[in-house]
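Listed next: structures, encoded as structure tokens.
Two complexes follow with subunit A in common, the first pairing it with subunit B and the second with subunit C.
And then the complex of A and B:
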């Protein structure tokens, strides 16, 4: 997809932003700015690998969901052959939307305008009045749905609009080590527990992406009721402990919060913890067994969080995983998708409990979700004000931290958990894309 | 395969029957199979000497009754077979 040129002033401004990041400076206005939004659509979202769906959302032949990359609505479908295909949700005849439902099952899609029929893999198969109308001038092979390149990792289906994007493995660049905590809970992996919660929110996608790339700093304050009422097993005095891990040059980052004296794999059912000890690598076991909270972002806008959450305050926490996608729909406006991921092989009882913990904490009306969104909506509003044009934020925390030599996981890993190093990495990657250095 | 639209050979039910099938027919049918593109009604039909499965499309007002041999034959078709039928007659 061709990118439109922007003015030289805007290019220079983006260069200046990029230069500021390693020095711990990043401007406020980018979190609510029409021009930044427009450039992001073309230079970030049309170039990066963007998350589309979890394979368990479309387990059977004919299952499909519709999702977005930038402002492009895509159909992600499992074909009759079992393969996954992503196609632009636009009829090639006159551009009608093919699938109006966000999820469904169909071997073939039939356009509601003039009736063209496509296989769910995107090939055009049927054209009404073909002989009478087209007199042999239309070759169906030329008019299939527009294809989008996809690749998967451990159940995650990603798509990219850039034919020259590197393979997904290279793009993830070692972050898979950390993603496995969420995606390989047990030997059969993880699955979604129902369709995502899906809503529109008055925040910028970048604020959410940054927070989930490891903002342990906000937790004791923004979520203080969770702490004080006994929902969350951490304390203000030790909350800074843990690690910030990021993949330099890739933008991905994860915060790994640690509570001293926390039993290994606390909050997991015993069988599941044993299973993870067997199926994960010894290095992963060493890292994850000590992790209370794991909160990470895959650049640009896919995030995960795992932590124990007490359904009854003061009682032992139940581990849950939320996976969330921040789909930008305007400057300072985001469509949220939030899933609960559960271990496929776990008991129905644990899946139910994990889903309850997720719902209480991070579904649309979850307590933690409400805490965050209250703050993020106001950050967004401030960022859009005129005076904020010239305001920068400090990203200097942990600037001089040296990598933890004993940490067995990949990437740039520093202590403590409370750290800006993941954010500098995130914004430097973002700036690379914004200045055409992807 | 020809692109011509073949005239349905099956019997079409009266309009009254179109609109007034029971919604909950249990396993015996009628069963409504629908997605966002189309809906059909499936039911068992007793003939004097045996059984057929009726597939009825209310919007198209077309109807076909398959006996066991015909259904058995459908059970081992490739998905491509349906694609080729849709290629032949996608129209109204």
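And then the complex of A and C:
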């Protein structure tokens, strides 16, 4: 995709932002700025590997969902061969939208304008009045739906608009070690519980991406009610404990909250914990068994959270996993997608309980998420003000922490969990993309 | 199962009940609102998905925005009673407009199946852009000694992508 040039003043400003990050400075205005948004669309979202769907959303041949990369609506479909294809949701004839639904099942798509027909893999197979109208001047092989490159990891389907992007494995750069905590609960992996919650929020995607890359700092205050009603296994005084892990040069980061005396794999059903002990690497078992909360972001806009949660405060509770996608639709405006992931092998009862815990705590009506979204909307609003143009935020927490030598997981890993280390890595990666250094 | 159409008095009672229930929410008398609920009440707000006309469902059979019972609704109220429910500080101003009430016999002799439309206006802070939620409700309302109780609310929002940064209000 051809990128549009921007003014030299804007380029210089982006360079200045990039230089500030290692010194723990990042400007407020980027969280609500039309120009930043426009550049991000081309330099971040058109270049990075962007999450499209979980394979379990389209388990059968013909299943499809429609999703976005930047402002491009894509059809993500499982073809008759079983392979997953992503194509631009735009008819090659005059550009009508092929799929107007968010999900469904179809072996073929027929355009409702002039009737061109495509296989769900994108191949053009039918053109009305082919002989009479086109007289041999149209080769169907040249006019299939525009394809988008996809790759998968453990059920996650990613797409990129950049033909030169590195392979997904390299892009993830070792973060897979941590993603397995969400995606490999049991040998059959995870599946979505159902279609995602989907809503529009007056929040910049970056605020959510940062928060989920391991903001353990906000929890005791933003979610103070939870401590108040007795929801948390950690108290305010032990809450800072744990690790902040990030993949340098990749932007991915995860916060691993730890509570002293927390039983290994607490909140997982016994069979599942046993299976994880068997199927995961010894290093993963060592890390995951002592993790209470794991909250991480895959650069740029895919996040996960796993945490034990009880419907009734103080009870043992279950683990739930939420996966969310922050789809930017304007400066300071985001379409949120929020799924609950459940272990495929778990009992129906456990899945139901985990899902109920998820709805009570997360997504649009979740008691924890509600408060985040309120804060994020205010942050966004402030960031868009005139004076905010000259304001920077401090990202200096843990600047001097040295990596924990005993931690068995990959990346740059520091203690405690409450730390800005992941955020410096996130914003330095963002700055790399914004200055064309991806 | 009673098959007769509820009489006019019953319909009036149901209407009065729904209006008072909405009033309790709009006046933020959450404990009073809880009193409108049966102890075994279910409160379900399923997710709507944009699908083709011939699809087998458009309201998700598995995904829920709210999946509550009286115990979890009480927790939501307890949360609002703390000083830290930031989502509702300052509180949303809501107005529930309940119309098109249709009462039919329910599955049990003491229950009615009540359909209604509910439009919620929600205003926050100094924002001049309110949120609107248009909702199809299917309630089960139970007759008990001394009045009516909500035994089940099944409320479907008409949008598939829902506006508003959160749903910190009750529907």
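As a convention for this text, the second predicted complex is superposed on the first by the 438 of 438 C-alpha atoms of A that agree within 3 Å, B and C clash if a C-alpha of one lies under 4 Å from a C-alpha of the other, contacts with A are read in each partner's own complex, and residues count from 1 in each chain.
We take it that contacts are C-beta pairs under 8 Å (C-beta built on N, C-alpha and C of every residue); 3 or more make two chains touch, one makes a residue touch a chain.
What you see is a predicted model, and the numbers here were worked out from it, not measured in a lab.
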On the A-aligned overlay, A:115 touches which partner chain: subunit B = first, subunit C = second, or both, or neither?
first
According to the stated criteria, A:316 is in contact with first (subunit B), second (subunit C), both, or neither; which is it?
neither
If you stack the two complexes on chain A, which partner ends up touching A:104: first (subunit B), second (subunit C), both, or neither?
both
Please indicate which partner A:80 is in contact with in the superposed arrangement: first for subunit B, second for subunit C, both, or neither.
first
Contacts of A:127 with subunit B and subunit C, given as first, second, both or neither
first
Of the two partner chains, subunit B (first) and subunit C (second), which one does A:355 touch, if any: first, second, both, or neither?
second
Could you say whether A:396 touches subunit B, subunit C, both of them, or neither, answering first, second, both or neither?
neither
Could you say whether A:199 touches subunit B, subunit C, both of them, or neither, answering first, second, both or neither?
second
Using the touch criterion from the header, give the chain among subunit B and subunit C with more contacted residues in subunit A.
C
Can you give me the overlap between the subunit B contact set and the subunit C contact set on subunit A?
100-101, 104
Would you mind writing out the residues of subunit B in touch with subunit A in their complex?
3-4, 35-38, 79, 82-84, 86-92
Contact set on subunit C toward subunit A in their complex:
45, 47, 49-52, 55, 60-68, 71-72, 75-76, 78-79, 82, 84-88, 160-168
Across the complex, what residues on subunit A touch subunit B?
61, 80-81, 99-101, 104-110, 112, 115-117, 119, 125-131, 140
Spell out the part of subunit A that touches subunit C in their complex, as residue ranges.
100-104, 193-203, 222-225, 228-229, 311-313, 335, 355-356, 359-360, 363-365, 367, 369-371, 373-377
